[in-house]
Structure formats: C-alpha cells, structure tokens
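Consider the two complexes below, in which chain A is the common component and chain B and chain C are the respective partners.
And now, the complex of A and B:
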C-alpha cells in the first residue's frame, strides 16, 4: 500500500497523502486495489472460475458437444457413479484408489529422501556443486523422455535391469512390481526439485542458532529436531502441499510406462477423466468424475492446511496488525 | 451508501456476462452443412485458384510417402493447392472433431475405417456416395468386403485409400537354422515350426504381447474360428462366445507351453524380433518401413498369419479419404477436394511404399505394388475382416476387449472369466452409446 501511494504523489507532499490515505482507509475505499488486481482477476475469472462453474453445469447433463442433444439429467452422472450402475463406475473408483495408493507410497519418500540428500549437500565437501546438479538433472527431462527410458531399462525380457539381476521380474506387467517401478521412477525424477527447495531453506537457517545449540550441548538429532525443522517449517508446509497435489495428479508415468496396466491396476484418476471427457467426448460424465475427484482433493489439502496451521495461529494476527499500522 | 449498490450492480453485470458466455458456448455446434458440393467439371483444375486443407495422422514411416504424393499433386495442378497438416493419430480425432464443430475443420482428411461410423454420428464427415460416383468410381474398383465395411446408416462415408492388416514377420536366418524354408500357413504347421525353432536353440520363438497388437491377434483368431466380436445390430458383445474363448485360450497356451515368455511388456515382442531374440512375431504391416530403417541387417519375410482355426481370416483396417462438414461450404473448395481425392486414389500405388495395401484394384495390380513385401498379402484381401460400423465401437474395444485379452495373457484371469467380465461391461457401454447416438439421429 505504501509503495503505491508514494509512487502517485509522495515526493512533494508526504504528509498530505498520509492524511488522504487514512481517510480512505476509514471509508474502506478499495477501488484502487481492485483496479490493480483487475488484469489478474479477469484471467482468473475467465480461465479458472468460469470453467469450474461451467464444468459443474456440464456434469448435470448428458453432454457431448458434437451431438445436438444435450439433455439435462440432474445428478444422474453422480448417482450412477456412486451406486455403480454406470459402466464407468468400477473403473473410476479403481482409478481413484490407485491414485491414492500412489500418493501414499510416493509422498513420504518425496518428503524424506530429498531432505536427507539436501542436508548432505548442505555440508562442505569437494564436488558439492557437481552432486547438486546431478540430483537435479532428471527433473529437467520431460515425462515422455523418462518414461520411454525406464520402459527400456525395466522391460521384463529385454531390459537392462533384469539382465544385470539375471532374473525375469515383471517390472511393468504385474503388481506390486509395477507400483515399485512407477513410484521409484517418480522419486528418481522429481526428487531434485524438492531437494533444491529444501537446500535453499536449509541455507536460510541462521548459523548462530546451530552454534547456540552446540553450546547448549545438543546432539545431532536434537539439533535437527529443534533447529533445522523449525527453521524450514514454512518451506516444509509448501513442499508437503505441492507434493501431495502433484502425486494426486499423476498421469504421464503410468500412461506411458504401463498404459494403466496390468488390467486397470495402475490407471489413475486423471487418466480415466481425460479418457472419458476428452477421448469419448462424454464431457458430462467426465466433469462429474472431476468434481468427485476435486472433492477428495479438497478434503486432503484442507486437512494438510489444518494440521500444519494448528499451532501457528499467532503469526497471521501479528501480520494483519502490522498491515493496519502501515 | 454508494458502495453496496455499486457492488450489487457489479454482481448483476458479472452474472449477465456469465449467462451470455454459457449461451454462446452452448450454441458452439451450430448448423453444419453435410453436402459435398456441385459436381466436378472437366479436369477439376480449371476453376479459380483455391487452397484446401488436408489433415492426416501419418507421422510414422508412412509420412514421407504421403508428403511426396501431396507434393506431386500440387505440382501437377496449377489452380489447386493442398495444404497438408499431419497431427499424429493419438489425438487426431479429438482435434478434428473439435475443429469441425468450431467451423474450423479441414476440407479433406484421412481417417481410419473403424472411426467412420463414430465420426458420421458426430456429424464430422459427410456422405460420399454421390461424390464417389462423380469421381467415376464404382464398387467394382475396390474389394467388396471393404466397400461393405464403409457403409453406415445407408451411406458410404469415405473413399478407401488402402487396407492394412496384421501379418506374420519371420526371421529368415533363424528359420533356416531350424530347417524351415517357408512360413507356416496352418495351425499345426505353425506348431511344428515353433517346435523346430526351439529345437534349433531359439528358446522362446514367438512372444505373446499383452498389449497392442494382442487384441488384433485375438480378433483375427476369433474370425478364423467363425466367431464375431459384436452382434450385427451392434448392441451386444459376442467375443466371449465359445469361439472367442477358444481363440484366447490358444494365445494363452503359447505362454503356458513356453513358446513365449511370461509378462511380455509393451512393444518388447517387436524389440526382441529386431534383436533376433524371437523368430516370429505378428504385427501390423505398417511396421515394414520401421523394420527396414531400424533393423537394416535383419533378414526377414512377411506372410499372412497362419490359419490356426477353420477359415483364413485376419483383422484389417483401412485409411479412408473423407470430406468434412462445413459451416459455410465453398463450392470451389469442395470441387477441388473431390479432384484431390480422385487423384490420390488413382495414384495409390505410390502409397504402397508406406507399407500399405492399396484399396484401388488397379493400383493393387500394378507392377510397383508387386515389388513390395506386403504384396504377399494381396491375395488375402477378401479374407480381411473389418470392425463393424457402430458409433463408438473403437472406445468399446479399447476399454473392454483389449483389457480382457491383456488380463488373460498375463495370467490374471482365465480366458473365459476375462472375456465374460469385459463383455458384460461392453454391453452396458454399447447400450448407453446406442441411446446417446440414436436420440440424435435426424
């Protein structure tokens, strides 16, 4: 707020603008704020709010945009998914279960492993920068590249991995092996991103705190528990939320590596939704699936926020007070 | 006091905009014209200069041949320019459907036969029988089974450019080692061929894929066995018939008897063939150019798949040249489109280089075609079976039949259980498709 007003008329009469500002604050006049937000808000409404509301509307129809007849059917798309009378019901719920399974398997690994690696990379040793680059490298590759690469490496009969192991493990054609492969590849692929963010956060923890902890006689675990973790707390919350959401949105790895197989065992929710909505043009059913999926995502993200914000209620209050005085 | 009323007015304005947007979006698929325009006069190249759009999905080894043909057409036709747009089959139909309904569709496209009924039901393509007559073609110019397969709802929806089928590729060197000079043509001969190969040190000579092209193998065997995948009215899946179970059991037995390793992943059977790890593989003839390019030292032969059951039969599909529905049709462009399609069909012996079997009888009899590996299959053309003309059948296949074949070959379900389970789902999808497309006819 201060920066915007100074840019308008501050240089000549700072005291005058301050009074003007206070008066406007008293009237709760926020027109200027809305104006500045307008470019973003327009895009937000057109590309986020409108499609979401329209999607909800579509989900109440038997909607195929290529057909002239798009009858309103109320909640039938939802009820037929829930009571299992739709031919897509079993596949859809199976795909939701698979998505959840993938998240449960991959999120803990993607939280703990990168932190451990980041802490090692935060030490001083020769070749440190090389290792930092090495761990980040896979992340710059596209999903198509890594999927094709690993499909060759993991092939049951002609793959390099089985060749070295001297065994015929069905890495991509049976469960649970297929999940081991998909989770493993995902961790290998995206670990570098979380690692880079952790590393930045670790470098932001003041050295003096570690020195103080050392003087208090803290051991390595106590140091980690009482200095490192609180120091990277806000970043941790960010990583937890983004990792969960990106895991729930998993699509490319199983689409390209296993094609959802064996059977439908590795078919994910996004795969099923895009198949229904975009390939079969059954947009009504596809939208209903998205809405149900979004419902679960909201519950999960909501509980993450609730869990992580529970004991930090003090901070936001302080912030708003600071804003009022500014 | 001013603020709340202002806000209320704003809300009203936003709401009105919303409704307007909903309305305009809802009317997106307004009237589309489904005619092919006035007949072509003279050579078809005499009209005013015109540029037409031609969409296709030939991104593989077939791409260069299609480009060469379009280039030649452009060079020999002064007033017509064909702009070719190659999209890749994976999302070809998604895009072309959206483009046509937005009034931005091309004039001509190449589509696969098993998609014609679906695209016709979605009013993406137009009836072609009138245009075919104008081009001077008759049913006698093409294989009879293919012409019949092009029919849906009493109309012909495309002009057949080619047929493509699955065939048996064999490694000549490995066959020679096993003392086999010619690929087997019957089931028993195939069995002894595989036995001989195993005897000659090829432990697993014939790998059974669980994904593509496994379902094409299954369909071929089903037809050989006298079965049909779907009922004539397109309302019931019949691939779980005793004939179907027998066909799938034969495929599973290849794994059980050790002719194939277990759990063959996507594309490995083809990779293994290129590496000489197996000796025989069934795949689409469109792989011919890929095999030539990526395994230049491999010595291989191509033959029809053996007749394991009673009658010779093989799954096939066909690329068809179609004309698209237009929001505001341009007669000149429509005439140019017909001229282009006619020329392409009459020159389709050039298309054989892409690994396809020309549909035009005259092109199939040409000397150019006889030098192609796939000419070994030309005599089989009347044994080709195409998917029935039912809207949405491609998705039903992908969502049910392919899954059943995969589950059985991976040993997760017995052939009977896998086929029964998916046939029940297919019936439900077929019924809902029939309802969806029927209420929109006329």
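And now, the complex of A and C:
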C-alpha cells in the first residue's frame, strides 16, 4: 500500500481517507474563512463596492433624485464638462486647478519640514518624546476645530497675527493671502503626522551605516544623501503618496476659513463635487465630476509610483547583473 | 559582607546623575555641540508655534464678547467668565451639549462596529487558508486607493432610500466599511507565530475557540490602537456629517461648529467655546494615549 499524498495535517488518519479528509478540511476552511469575513463584507459591498459601480452608472444619467425622471444620457455629463457647454464646466475646472495649486504649494512643505524636524528629534536628548507629542497634537483635533480657531487668529481686524505683524493683511478675504493662510494652517495641522512616520523610519536606519559613513569621511550632506535618504526610502514613497492624496482631497479648510472665496478662488474639487451632487441635486453631474477627479488622481499617483520605482529598480538590476556575470 | 571589592564597586548601579554625566558618544545636542542654545531655542520656538494657538483658543473661550474682539490680544482674560459656555450650551439653535452627546454616541458606535468587523475579517484573511482569499484581500486593499468622494453621491442616495439621512446611523454605519481597519488587523495577525493556534487545534479546539481564547487576547494592543484611531477619525469627520445631518439636534460637533460659525460669524467667544468642547475630550484622550496613537500611525506608514 503506497500513498502519494503527504499530509502533515492529519498524521493519524488512515491512509485511504486522507485525501478525503484534506478536501473536507479545505471546504471547512473556506466556509469558516468567508463566515469570519461576512460581517465586514456586508458593509464593504453595500457602502464601497456597490456605490463605486453605481456612481459610474449615475454619471451616465441626468440624475436628480427629487425628480421621477432620470433619463440615460450616455457620456453627455462628461462631454459637456470637457467642451465647456455645461454651466458647471468653468467652475469645476477652476476648482480642479485650485486643488492642484494647493497641492503644489503644500506638498513640498509637508515633505521637507517634517523631515527636518524628525531629524532633529532623532537625536538623543531629554524630552524628545514630549516634543513629538506636542507637534502631533494639532493633528488629533480635526479640521473643524482647526479652521474655526485659525479664522479667528487670522481675522483682519482682531486677529492675533495681524496684531503682532502690525499690519492689516486680508489673510482670508484676498488672494494670494488666502492661499498662504490655507497652506500655512494645513502645514501646522498635519505636519506632526508626517513627522511621526519619518521619525519611526529614521530610528530604523542602522547606526552602523552612519559610523561607516563617518569613517569614509562623508560630510553632513553626503551622509544625508547616501545614508538617510536610502534608509527611509520605502517610507518616503508612502509619505509622498499619502500627502499628495490628502492634499488633493482638501475640503474643510476652504469650506470653513474662506467659504471658497474670494469669488471661487479657493474653492476645491471636493467642495464643487459635493455641492453639485448633494446641494444642487445634480447627482449625475456630481458623479461625473468625481470620476474625472479620480482619473486625475490616478494619473498623479501613477506617475509618482512610476518615478519612484524607476529610480529604485535601476540600481539593484545593475547589481544583480554584475553578480550574474561574476 | 562589610566591605566591597573594587570589582563589586564598579559593577554597582549608577545613580541617575552619574548616568547623565557620562558623555554621549553620539554627540547629543547638549554636550559637545557647538551651539546648544540655538538647538533649544529652535525647539522652544517650534513648541510655542504649536501650543500658543491652542492656549489662545482656551483663553478666548473664557472671555466676554468685547474682550474676545479687543484689538490688543489678551492672553489671560481680563474679565474671566463662563458666559460663552452658558450661551452655546443653552441656545436651542446651536445645542452644543446635544452635539457633544451625538458625537460621543456616533464615534463609540462607529468604532465598535468598524473594529469588531475588521478584527474578524483581518483574522480570517491572515490565518484561514480559504478559497478566494487572495482575490478578496486584493479587492479590499485596492479600495484604499479609491478617493472617498467617488462614493459620496451614491452613498447619500442609499441613505436617502433607507431613510437614514438626518439620523446618527448616517455617520455610524457607512464609515465602518473602510478598508484600513481590515488591512491593519490582518498585518497584526500575520505577525503572530502560527504555532499558537496549531497546538490549540491539536487539543480539539474549534476555529472560533482558537480565535476567541488564544489570538484575541494577544490582539488587545492592536485592537485598542485601532479603536482609538477609528474613534478620533469619526469624532473629527467633517465632510460627510455636514451633508447628511441637517437638523440642529441631529448634528455632530464638527458639523455643529460649522452651523455655529454661520450663526455667530464674529462672536469669537462663542466659537472658541464650541471649539473647546470639541477639542478638550480629544486632547484628554490624546494626553493619556499619545504613544499608542502616534506609534499606531507610524507603524501603519512603515507597513506599506
């Protein structure tokens, strides 16, 4: 009697029933696996998968849920936005441009400043965890508190900032001042988040690498360029992508601090999409806008991914080739 | 036992002063640095930048309406009063007390729902070798990259259809469907050694018993961190509640702050009192759990 199946799972079972037992165990695993996932999957299907597909469908209709008729219009929502014939077109593209402008202004600051602070906090000194906790504190407060507070501090007439500057700068009612305010407040609010992630990454860079660099006579910049940056590379990719995504999704700061003003100068894409879809009840148009927005976001994250991966792939490839020929 | 040999003396524990007196080989900012005072001035200045606005918010919430808009800043209220709090808590148009309660109920219910479903699913995806597992996990993770705004309009219509608009269910249930919790718990369960469960199965434990009695107690720190992060996210959520909750008595604090601001746009004493009522609970939680919150977020970044 020879058995070809080798099972570790049921060593005491008679050999003839082994295959059958294994199959039964696999079926039991499958049943239990899906059963454990079931409660989450109900939520996931109803509030993520279904709406993602339905949103695409809605965007192909003139969809006002307060009206009984919701005619199918194909790509008209999209084409009227693109060729400018929709009354929403100009304000939508302006909001998208504003969102990009905000991202271009805030992302570099949110990448560099937290890294600088994290590198300072990465040195050994008394109370550094306390400093980390303080810099992180605004982040736990949420945009509503932050925006209401800073609207007060940035008030043209009674605000703290203008008092100490001795000026009457219209921080929230004129551009470019409003952008300076929104970007500044966002940096103040979310800097601690990136800083905490950088710090955790920096602590993972082996000390021996710094010692080796010091022995080779590397200066500060060379050490940063050749030890620190490669050491935190994977985390850097994470921070770059999450910072871009959250900047593109900016909403509350504009909504509460400037109400999108002056005019529509600080109105963001999310503000326009939710306003069109939920306040003006043009759900079809709102959905079409959100799809276009997602398209832009995909292009941006895709190019970030491509840029960072192209960089990291080249070097190991060369190395492995060298090894293969050796 | 009366005298110590030299060897014993050197191996004695050092007092804290002695430890500090040992020069730091890595070159701490104090000793050995060329200009330690620049270092500490910089840190001190940064700390001020982060603390002062919050302090001023607290201070203004105790001011009279006139002092709140005095052109010369008052770091300490000249006429300390609780009247801003009394006013916002008793005004029927802006029932801040009710909003506080709503936020408490919503954030608690949402985080319990999200974390319990995510823990079960995360365990299953990490530990049960079931058919379709890889595809399912791939699908769940891919939705992490879906911009939430894409779901905004359809989910609003769903809530309208089931009659949940303008009820707390609107801010409790849909938010629990996010993929982050599942991803977070799966990463945790994958990190636990397999042997833990194998011995339980040999003793005849069922899947549920092994999960409930062996892995769940070990997962407590991860569950606590996820509960905290989920609670804070829901407590602070702004976009969704301002569109799904309309009546004053149904709102949560962030949506309510927006209502408060439209109703009293330059009554900064009232606005700061409202902001304080939103901020203080979170700051208290943060003060006691900041290590878990910060490290939970940092570890989520490291795992990518």
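Here are a few things to note about the model shown:
Heads up, the rule we're going with is that the second predicted complex is superposed on the first by the 263 of 326 C-alpha atoms of A that agree within 3 Å, B and C clash if a C-alpha of one lies under 4 Å from a C-alpha of the other, contacts with A are read in each partner's own complex, and residues count from 1 in each chain.
Simple rule for what comes next: a residue touches a chain if its C-beta (ideal position, glycine included) is under 8 Å from a C-beta of that chain, and two chains touch if they have at least 3 such contacts.
Note that the coordinates shown come from a computational prediction; the quantities given were computed from them, not determined experimentally.
Annotation for the three-chain superposition on chain A: chain B and chain C clash. In the superposed model, A:280 makes contact with chain B only, not with chain C. By the touch criterion defined above, A:158 lies against chain B and chain C together after alignment on the C-alpha atoms of chain A. By the document's definition of touching, of the two partners only chain B reaches A:68; chain C does not.
In the superposition on chain A, A:43 makes contact with chain C only, while chain B stays out of contact range. Residue contacts after overlaying the shared chain place A:262 against chain B, while chain C stays out of touching range. By the touch criterion defined above, A:87 lies against chain B but remains apart from chain C after alignment on the C-alpha atoms of chain A. One of chain B and chain C touches more residues of chain A, and that partner is C.
In the superposition on chain A, A:54 contacts both chain B and chain C. In the superposition on chain A, A:170 contacts chain B only, with no contact to chain C.
In the three-chain superposition, chain B clashes with chain C only at 91-99, the remaining stretches of 91-99, 145-153, 199-207 or 217-225 being clear.
On chain A, the surface touched by chain B in one complex and the surface touched by chain C in the other have residues 29, 50, 54, 65, 151, 155, 157-158, 278-279 in common.
Against chain B, in their complex, chain A makes its touches with residues 28-29, 45, 50, 53-54, 57, 62, 64-71, 87, 90-91, 151, 154-158, 168, 170-174, 258-259, 261-264, 275, 278-281.
Those residues of chain A that touch chain C in the complex are listed here as 26, 29-34, 36-37, 39-41, 43-44, 46-52, 54-55, 58, 65, 117, 120, 123-125, 129, 131-138, 140-145, 148-153, 155, 157-158, 160, 163, 188, 193, 196-197, 199-201, 204, 207, 234-235, 237-239, 242, 245, 248-249, 251-252, 255-256, 269-270, 273-274, 277-279, 283, 286-287, 290-291, 293-294, 297, 301.
The touching residues of chain C, counted against chain A in their complex, run 24, 26-30, 39, 42-43, 46-47, 49-51, 53-54, 56-57, 60, 68-73, 113, 116-118, 120-121, 123-125, 128-133, 136, 139-140, 143, 145-158, 160, 173-174, 176-179, 182, 207, 211, 232, 235-239, 242-243, 253-255, 257-258, 260-261, 266, 268, 271-272, 274-275, 278-279, 282-283, 285-286, 290-291, 293-295, 297-299, 301-302, 304. Of all the residues in chain B, the ones that touch chain A in their complex are 3, 14, 18, 21-22, 25-26, 28-29, 94, 97-98, 101, 121-124, 207, 210-211, 261-268, 271-272, 275, 277, 392, 395, 399, 403, 406-407, 410, 412, 425, 428-429, 432, 436-437, 439-440.
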